[in-house]
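Each chain carries a letter (A, B, C and D) given by its place in the written order, and its residues are counted from 1.
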Amino acid sequence: MTNPNIDLKPLSEFIVDEAPERYIYDMNSGKHEVAIATKGLQVRYGDKLALSEGDLSFERYKITSLIGASGSGKSTFLRSLNRMNDDVATVSGKIMYRGLDINSADIDVYEMRRHIGMVFQRPNPFAKSIYDNITFALTQRGRYTKEQLDEIVETSLKQAALWDQVKDELNKSALALSGGQAQRLVIARALALKPDILLLDEPSSALDPISSAQVEDTLLELKKDYTIIIVTHNMQQAARISDYTAFFHMGRAIEYDLTRKIFTRPKVALTNDYISGNFG
Amino acid sequence: MNAKLADKIATTVIYVIAGMVALVLFSMLGFILVQGLPHLSWHFLTSPALSFEAGGGIGIQLFNSFYLLVLAMVISFPIALGAAIYLNEYAKKSVWTNIIRTAIEILSSLPSVVVGLFGFLLFVVQFKFGFSILSGAIALSIFNLPLLTRSIETSLAQIPYLQREAGAALGLSRWETVLHVVLPAAVPSIVTGVVLSAGRVFGEAAALIFTAGQSAPALNFMDWNPFNISSPLSPMRPAETLAVHIWKINSEGIMPDLNLVSAGASAVLIIVVLIFNFSARKLGMKLFKKLTSS
Amino acid sequence: MDSITEKIKRQSESTRKDRFGRTLSWTALTFIVLVVALIFAFVLSRGLNTFIANKVSVTDFLFGTTWNPSVVNPKTHQPFVGALPMIMGSFLVTFLSAIVATPFAIGTALFMTEIAKKRGAKIMQPIVELLVGIPSVVYGFIGLTVIVPFMRGVVGGSGFGILSGTIVLFVMILPTVTSMTVDTLKSVPRHYRESALAIGATRWQMIYKVILRAATPGILTAVVFGMARAFGEALAVQMVIGNAALMPTGLTTPASTLTSVLTMGIGNTVMGSLQNNVLWTLAMILLLMSLVFNLIIRMIGSKGELK
Amino acid sequence: MPKMHRGRTIFAGILVVLALLIGTAYLTRDKTSSSVSITAVGSTALQPLVEAAGEDYARDNAGVFVNVQGGGTGTGLSQVAQGAVDLGNSDLFAAEKKGIKAQDLVDHQVAVVGITPILNKGLNIHDLTSKQLQDIFTGKVTNWKELNGPDQEIVVINRAAGSGTRAAFEKWGLDGAKSLEAQEQDSSGMVRSIVSSTPGAISYVAFAYGNSSVTSPAINGVAAKDENVKNGTYPIWSYEHIYTKGKPNQAVQGFLDYLMSHQVQSKLVPKLGYISIHDMDIKRSMDGQITANS
């Protein structure tokens, strides 16, 4: 299952291109608490290199946006963070989380993903009731009383700002929800596991502006308790909600900085071009 | 105006073709039912067959057909399900998976008489199961496996990849996702596939002639202990099915009312397949509703 | 020590379950593969015996025109085992029935998907699916009671022959080919239709120039699939074709197919004798042909993907 | 209680109940019948007789179960020779069948079956000589007018190559000549209906299948009747054999004795259209030597 958005180019094309200058914000310089960081991360689909350079660190309880044109490697990068690419790609390099390299064979991928959750571009609720959508993953690996489950459902739906709309029809099929509601249910479903980090892959690109705004509000609300990394095509969105922004270009992270710096005074010319709409 | 004319002619032609096909198909069904229905009675459906006198029924054959069907499904469904899951969820695209798929499809287009003979030499003779329900059920399972595997795999493939991603993102293994998310969502179409393949199994004759045998000894319907040879449940007794019965009386029958029995049995066969088809649709839709909500 | 890092390093229940499930489903698949391999080995070992143990030459078998395994040819001191009459018979009924069935299947499928969607789904779809499930014994029964007397009345002779076989097979494969064609037509993207109609094409132009063209690989696959089914069909054809192992001279004279000779003869010959071995060789040819049909379907499929 | 575990408990419960049921079934199984099973396989022509006799025998002898299957003479002989079944039903002497080691097998002749040529009624021919029969089936004559019949092409319909009826007909009716390659049919019933509906058709069936829809011509002036077979004047007939491998065991011998008993030979055998072995005035060896029956 390759991501259709990724334009696959052979490695040679990247190398022929003269490596442009880069600027990567140094997390270690200040008093930042790093939630997750990558080192020498490279992703190949078959013999095609989709991500060649992406050493980034992400601060805890902050929102970081990943921006860039289609095929720039931002989605590939995001999906590699909780190893969703394992089945389709070869991922090399280190992903440091809580002092562990989670990109190694002795890590239990499934347990890791419970702490690094993910939400996708298209809402993908299970063909189950709203209630079961949220409790399903929990009951798979633990014993909960009915009361505990009820409470978790309520809290996570509230966190995702969906509780008021669905509290009377928790047993209804989740497939009947509108796109915006479904996406927030998916977020609630991820939150029910109480993850550390939440990865979002263009969570609002398939939604209308109102639903999109609701999702954004939800994310800002969640920042208190979660580290959020979000891929977005929408630069206003990135500017509105994120603390940090990383710009990807042709499989490389070109510039990574505080959001306000990126959007006001980018240090790399390419970033400027992209933000001002000159390409992409 | 030429294009318009062509459009009209083509539309008419398509209508005529569809009408003809519908006519052929309807008249075939009608023919079988008209021939056979008058002969159907409670007596015909429940009494044992008589080999050289008039007035025999198809009771035992009917029971045998259903019993064999159930056993064959019990054997083949879990295997087909497992194989379909592996092919659709775990197998990576490779030369080997291609070869396996081709092999399965070849098995499905193999004449069933070959499967029957294979079953005869291996189970009846080699394993000493004799002409028995057990041998027949295994042969039917072999006949059924490729069809069922294919149909289940198609059902699984119809469930969007997004659902599997969703499961994975929640820290569920592929197995858990398949078991609790993909399978329930695929159940309606799996059920439809199973019931349709049940229809095919029900009508299969060639694979059974040499395995379950062509005789239907009298059964004691008061004795449901599977360890007694005259019990209907005994897996070691020979069991002629309805389809085999039709084949047999058409080729070597000497009862005077042979044509009537054959027409009646054919009608019963068709009606059962009809019921399978309709219930497959109904059940599929009902299950879909039930599993997706509540 | 951090409890989360502990947990991540430990093997979780999900991993255990997944390993269990993977092994379980792998076992099931392996089982099927073993069965397939066993049947292949079984048919091949018996089928090749004709050439190895009985020393029949392959060309005599494939191109000989006299089939009479119990009689020894006084010239060659080999039995008459020319399988060409049956090979010809099988190919003739298969191709003829496919040629007849294809336009009907396409017409019906177009009716169901493009012309009268509602009626198609309500009436035709159930009938077509039902007919896929009708046992071949019943098809043979109808052929014997309706088609054979009809052919006898119209063209004379005994009524048994390739033509009767073709008609029975035509009815048998029609539902299969139709339902697969319907699937293909349905998978032609909507915007193809819309853009064709938007530029002012009539419905027929849209069907002919856009839909059928886009669906050609799929329709071909359906037809080849139907042919594979026709080739392997035994009981129904055997009941109407007349079963004379002679080179077909006309469409209304009795002929035979690989399957009909195989099913008729297998009980009357002794396991391990030449007469029995040649029948297994026929089964082997059936197996190889179904391999060929599958390869053709795959080739069409991969060509279609490239487009 | 979480859902998962409830499901698991129910599943385990069902398993336990099932195990208990099977256990009780095993303990309460019918132990009085030591359950001897006799399996007979082979000739489809002989199958109805053995089957009917087997059912009667099983009724009178509790615990004996006679399992009768068709499969054809070839299957019967090869299976009994391998020791896979107890009885091999055959239309032929084992030595006549290629590939069978006849010396291991013990022949039990249980009945005689007469074979008559059958003609389409429209031909209005009621008499044929052996010579004419031979000419027709070897293709020397192709039109009925050469035999003083109407101007009508001869349509020969054969039984399947290797079938017992065909072998007997060629041996005793055609004097050992092989019939020409022509249309073949597997079954007596079908042969008869084809002959009755096809102008100019000729074939042959066992006496039991001849009826008013076709003509049974006399051969050399001798009518195809039971008496003429018994007294040796009508030549086309064959023994129905049941073969055992070596000397049969007690149970099998019991059943064979029953088959030869007055009860079966005088009632069941004629009813099914065979001629009783006791009624034969003559004996015929495999190579045709006729002696008086003592």
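Definition applied: a contact is a pair of C-beta atoms (placed from the backbone, for glycine too) under 8 Å apart; a residue touches a chain by one contact, two chains touch by 3 or more.
Listed by chain with UniProt protein names: A = Phosphate import ATP-binding protein PstB 3; B = Phosphate transport system permease protein PstA; C = Phosphate transport system permease protein; D = Phosphate-binding protein.
Since this is a predicted model, take the numbers as computed values, not measurements.
A.B. asks: Compute per-chain Cα centres, compare each with the mean of all protein Cα atoms, and return the closest chain.
C.D. replies: Answer for the innermost chain: B.
A.B. asks: If I rank A-B and C-D by number of C-beta contact pairs, which comes first?
C.D. replies: C-D
A.B. asks: Which chain lies the greatest distance away from subunit C when centres are computed from Cα atoms alone?
C.D. replies: A
A.B. asks: Counting in whole Å, what is the centre-to-centre distance of subunit A and subunit C, each centre being its mean C-alpha position?
C.D. replies: That gives a centre separation of 50 Å.
A.B. asks: Nearest whole angstrom, what separates the Cα centre of subunit C from the Cα centre of subunit D (Phosphate-binding protein)?
C.D. replies: 34
A.B. asks: Once you find the CA centre of subunit A and the CA centre of subunit D (Phosphate-binding protein), what distance in Å lies between them?
C.D. replies: So the centroids are 78 Å from each other.
A.B. asks: At which residue positions does subunit A touch at least two other chains?
C.D. replies: 110-112, 140-141
A.B. asks: Where in subunit B do residues touch two or more of the other chains?
C.D. replies: Within subunit B, residues 171-173, 176, 250 contact more than one other chain.
A.B. asks: Residues of subunit C touching 2+ other chains?
C.D. replies: Where subunit C meets two or more other chains at a single residue, that happens at 12, 14-15, 18, 144, 239, 266.
A.B. asks: In the complex, go through subunit B and note every residue touching subunit D (Phosphate-binding protein).
C.D. replies: 51-52, 124-125, 130-131, 209-210, 213-215, 217-218, 223, 225-230, 237-238, 248, 250-254, 258
A.B. asks: What residues of subunit B sit close enough to touch subunit A in their complex?
C.D. replies: Per the touch definition, subunit B meets subunit A at residues 160-163, 165-173, 176, 180-181, 184-185, 291-294.
A.B. asks: For subunit B, which residues are in contact with subunit C within the complex?
C.D. replies: 3-4, 6-7, 9-11, 13-15, 17-18, 20-22, 24-26, 28-29, 31-32, 35, 78-83, 85-87, 89-91, 98, 100, 102-107, 109-115, 117-118, 121-122, 142, 145-146, 149, 171-176, 178-179, 196, 199-200, 202-206, 243, 246-247, 250, 262, 266, 269-270, 273-274, 276-278, 281
A.B. asks: Can you name the residues of subunit A that touch subunit B in the complex?
C.D. replies: 1, 82, 84, 110-114, 117-120, 122, 124-129, 136-137, 140-141, 171-173, 175-176, 186, 189-190, 193
A.B. asks: Which residues of subunit D (Phosphate-binding protein) touch subunit C once you look at their complex with the stated criterion?
C.D. replies: 44, 70-75, 77-78, 82, 97-100, 155, 157, 160-163, 178, 181-186, 190, 194, 197-198, 201
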